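For clarity, chains are labelled A, B, C and D in written order, and residue numbers in each chain start from 1.
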Amino acid sequence: MQGARLKELRPAYGFDEVAIVPGEVTVNPDQTNIGFELGNVTLGIPVLASAMDGVVDPDFAIALGGLGGLAVLNLEGVQARYEDAKSVLAEIANTPAGEVTGLLQRVYSEPIKEALLGERVREIKAGGALCAVSVTPQTTKRFAPLVAEAGADVLVVQSTVTTARHISKSYRGLIFSELCQQVPIPVVVGNTVTYATTLELMRTGIAGVLVGVGPGAACTTREVTGVGVPQITATLDCSAARDQYFRETRRYVPIITDGGIRTGGDLCKAFAAGADAVMIGSPFAATREAPGQGYHWGMATPHAALPRGIRINVGVRYSLEQLLFGPTSVNDGTQNLMGALRVCMGMVGALTIKDLHHRAELVVAPSIKTEGKAFQLSGRL
Amino acid sequence: MQGARLKELRPAYGFDEVAIVPGEVTVNPDQTNIGFELGNVTLGIPVLASAMDGVVDPDFAIALGGLGGLAVLNLEGVQARYEDAKSVLAEIANTPAGEVTGLLQRVYSEPIKEALLGERVREIKAGGALCAVSVTPQTTKRFAPLVAEAGADVLVVQSTVTTARHISKSYRGLIFSELCQQVPIPVVVGNTVTYATTLELMRTGIAGVLVGVGPGAACTTREVTGVGVPQITATLDCSAARDQYFRETRRYVPIITDGGIRTGGDLCKAFAAGADAVMIGSPFAATREAPGQGYHWGMATPHAALPRGIRINVGVRYSLEQLLFGPTSVNDGTQNLMGALRVCMGMVGALTIKDLHHRAELVVAPSIKTEGKAFQLSGRL
Amino acid sequence: MQGARLKELRPAYGFDEVAIVPGEVTVNPDQTNIGFELGNVTLGIPVLASAMDGVVDPDFAIALGGLGGLAVLNLEGVQARYEDAKSVLAEIANTPAGEVTGLLQRVYSEPIKEALLGERVREIKAGGALCAVSVTPQTTKRFAPLVAEAGADVLVVQSTVTTARHISKSYRGLIFSELCQQVPIPVVVGNTVTYATTLELMRTGIAGVLVGVGPGAACTTREVTGVGVPQITATLDCSAARDQYFRETRRYVPIITDGGIRTGGDLCKAFAAGADAVMIGSPFAATREAPGQGYHWGMATPHAALPRGIRINVGVRYSLEQLLFGPTSVNDGTQNLMGALRVCMGMVGALTIKDLHHRAELVVAPSIKTEGKAFQLSGRL
Amino acid sequence: MQGARLKELRPAYGFDEVAIVPGEVTVNPDQTNIGFELGNVTLGIPVLASAMDGVVDPDFAIALGGLGGLAVLNLEGVQARYEDAKSVLAEIANTPAGEVTGLLQRVYSEPIKEALLGERVREIKAGGALCAVSVTPQTTKRFAPLVAEAGADVLVVQSTVTTARHISKSYRGLIFSELCQQVPIPVVVGNTVTYATTLELMRTGIAGVLVGVGPGAACTTREVTGVGVPQITATLDCSAARDQYFRETRRYVPIITDGGIRTGGDLCKAFAAGADAVMIGSPFAATREAPGQGYHWGMATPHAALPRGIRINVGVRYSLEQLLFGPTSVNDGTQNLMGALRVCMGMVGALTIKDLHHRAELVVAPSIKTEGKAFQLSGRL
């Protein structure tokens, strides 16, 4: 009968189930290099901000750019629908919970104004930052040329699950190899979680892959549809595809782990599992610089049968700089994410992120809780 | 000593322990086909309603039939014992919790009235719906001819655990091969959870198998007797038997996963594990169309030593149509189950349920909780 | 480096982690035989009551004997130290929690009165029941002849961990082979949890083995000393030793799973894992017949450095007959344990306990909780 | 695709996930020998106190020495910065929680007074106890000769993660082989958790290795940086390195499991996994003899960006003697740790700690909770 079980169930792991093993050599954290290259774009830190309206507006993009990161502006959200997006965001923040779903449905039924797309790009560029924007596969052909022309540096094409092949009667599927030839800037595509799709997407010529479907506790995709792969396994699998693609072509296409990262520990584990960069939402939403005023919501467009997206209150808890670089007096891993990454690299003995990929061993470890626990990191590292 | 361990403990998985991996191709949800064939009967959606008195009465059966599903009427419950079942159900709903066990014992001690059996079948047929009815193995020989003659379309023979061979001194065991020859309608039998029993039952000529004993969190069979197999493993094993039987005979006998499904995610996972259809109780009990008025109880007959069955309050939460097709503003997977199934199939790249069986990979993944989490399903799917 | 890991960590399972798979044949519960043979003693039901002062006194032993079970009287507790044990037990029950440890220390510092040992045996025999008594290894040589002479039917020699070889300077270790020759009644020894020790103990000629050290959630041995093996694994291992010993000698020495059983489900799983009988404490302590008046405490003797044993309140919840045979209106598995066992055997297709050993497959299954869940055991079984 | 997964995820276990299997022979606890040898130093009990300011001051070191253990004095904490350390500790204990981080930052910014280092060593020696002191790798070259000259018996060089090779631009890494030749006393180094690093460290000539990075629930290293290995796996791996080193050189270098031990059960499991001694913080912090007056804090030095260390209140709960040897009336494993160790060894049949290493089998076992459970350790052991 054993031979009759057709489906083998492979174990998959999220951030909470694994831990990083220290290395055989240690390095001083201040000697680590955490830069990130995406096509012809170079970032000081390997962190992108999610394309969500509560997280990124042009001012936030400029602020994050100034600190070495890259914010992705959602080109199908309020910034693309309203000239005065700030007052719309304020209205969302000030509406009682019971009425906010209706408000969001109305807000996102306003048509996208194509003129605003170029304007938002130019605002960010005028602030001196690199500009990344995101669109969905359905609108890519229409919007991509506009934003490239306006000077965007990176184009992100994103939906819940993206593959190189999409079957639809209603529109001709987007061909990524054509897109990469049309637009002169790096194209990042996602999300995916599998080896096969990552490899197939990389073969179309794109510059980066977003990894993450229904990651861990941060999303209800798994509750609603059953679909999702925990992020450590997804990152391990997609990074294996990246390495395979590199062996075949000598072209290195980075992967960006997107979703579910709440702490420095999560972030470090994503890199240890193979991420070249991470995309973060909620932690950025809680910065003073975020446009959401302490609120955060999913970017799903209202749908006749299944309007997806609720507003959650993350609060305003710290500055962007504190989040990324400290100083901090909290010891739960929610601040100074880059400091945590460098300390982790020091303990593993990695001088660069790629070095971390090769040196870090992950073990499956029981979950930990931190309430009321003393923090015992000491001395040398 | 290792060689001395006689029993090997195999891991078994429930809905909460697994997740579905997206596919290498995606399809638009509106191109998926979710029809279901059971013998000569064809349904628009692959969903049956459990044979429980709080869930199915003739009106409910007609309503569900109108939406493409199939309700199974319990022919040993109040509908078979009382002409005026509605007022009995109202009395159950209006009795305080402390007194309801006694009331249920009295209610179910009323003898079954054979004349009512045919009448209930005819009521459903008169409403234009397909009619399915359930009996227990002990009463099958007596009731089956009656209901077939009255025009029922499907006969369900159901007990907690059903096998092709039952040892009893008090009555000659039901022979399913004889039954299938006697009644001219599809016979569905259950419940079972194993490969061997599924194969043996299919060889008797039945039209479908109900899968599920003590499924997951929804039942106390495991607390009381220790017996039960979590539904994903049960479904994987029974679907392997179905496929083996099909290879041997070219006859395709569908399996119906019955019990423990609370959300779209659970439902999608059942199909990904191999279910051809699902049988659902509690979610239907909470519809405005359900006869239980927000209450739901086990159908166990009162027993001198072990009366089994308690009334629980599921509330009246939505219409039948909302449950199955939306629209909805909740994002926890409890509504628009068919929309969720189509979206899942889209993400896996499956055009039909059988396609889903072949394409879906399941992974073992840590459980998730959804309180206070943002919903991030977006865009294309 | 892998080769360097000297200790292999084997997984061990408790009651909550496993479930029983239904069989390929089913039988009517009323055709099952649940008798138990221990040496020349035959019991109607395979259940022993733990040798604890809150559980067993002579009256309880007589009552349980009348229902087919066997109570073990602790010969180093209050029954052996006080002529009027009832008033001592009443005092324990009526002392506030804060003062009870001190009271217990005083109560158990009273010397054992050898004259009482025979008297208690005779009381039980006078009531028409089989009489089983327990002693510790240190006192066995002194007390065993006394109780055998007084007419006891079964002698239990019990400590937390018992092996066939004990190293001590302060006294010559008890030699079980000598003991079995000296006393003309069946000797049951325990507790143990391993294959090797079970086999070695059986080779001394004893009549039964108690299985269980620090079982599951019911004991703090694991918190205090780290020692303990979950009961399913312990039972599987010890039953493998029993079967091996039987193959070698054709003498069948039953094993009795002792500790951690709270529900019918736990009990059924113990049998499915290989137990020939079970020993139960807490469920009996909650009967109206138990001497503890709803209280229950560990039998550890006070110790200068580590007095072990606290009093817990289990309440008075049902009659002994209800606990064992019902009828019951609860559906959480805490009553009608023998009914549950027969239903389980029916679902597995086992006519006897030995048949259950051979037929039952256990799977590792996620834990379940039962609050607010409907009970769906139905019909035929 | 399976071949494409580059990283294998190995399971790792903490104290809560394992249990110790009883042995085939038992011994009386009073015949066990729990002495510990570290280089030329011999201890009556295998327990060290952590180098934390809330745990160890000279008086505590003298008290623990009198009971057979060894306290490690932190030479970079308040004892090394303040002549009148007691009043500084009192100020820390009496400062409200909201202000204590700032106070700690000020307290630890006071420079280390080299004259105090020798003075503290001499205080401990004057009390008749062995003296162990700890320094970080950065200060070792400067402080080690001073403390050796002052008469210290053991030198501990400790940081979060220590390896035999450290890469730094700012200072020349400490060469342990040189250090061992320079100082005439045993050098203990840590912390580490891996086989390879333990072996490499032992080859430098050191006398002992501290095992533990981010152990279990007692530390937020894993939350902040993702780095950490649960203690049972770490101890198993490092003890395998110790045994390998012994096979190669016939020199036995003990390992000391440091961190995460809260109960007798944890402590016993550490030894069963291969520890030669344990280092304990929180349990000692709760003794009346501890200098922290019921408070306890991490020893991390204040850092411009990431001040690590919070004060927690463990309370004053028992005397040092009660903690180590009882008597006790609690049954949760938090007192009489040496009694628990001896009882454990008795149940495993081990006469010495090394014997325990060879005889103890560990199993992976589900976690247990102890609330409201009776304690059933009885009789013979």
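The working rule: contacts are C-beta pairs under 8 Å (C-beta built on N, C-alpha and C of every residue); 3 or more make two chains touch, one makes a residue touch a chain.
As the structure is a computational prediction, the values presented were derived from the model and not from experiment.
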Least hop count linking subunit B to subunit D through chains in contact: 2
Same-residue or different-residue interface between subunit A and subunit D, half as cut-off: different
Euclidean distance of C-alpha centroids - subunit A vs subunit C, Å: 56
CA centroid of subunit B to CA centroid of subunit C, Å: 40
Residue list for subunit A, restricted to those that touch at least two other chains: 11, 13, 196
List of subunit B residues in touch with subunit A within their complex: 13, 18-28, 30-31, 195-196, 232, 236-237, 239-241, 243-244, 263-269, 272-274, 325-329, 331-333, 336, 339-340, 343-344, 347-349, 351, 361-366, 368-370, 372-381
Subunit B-facing residues of subunit A, complex: 1, 4-7, 9-14, 16-17, 76, 101, 136-138, 158-170, 192-194, 196-197, 200, 213-214, 216-230, 233, 259, 282, 296-301, 303-310, 312
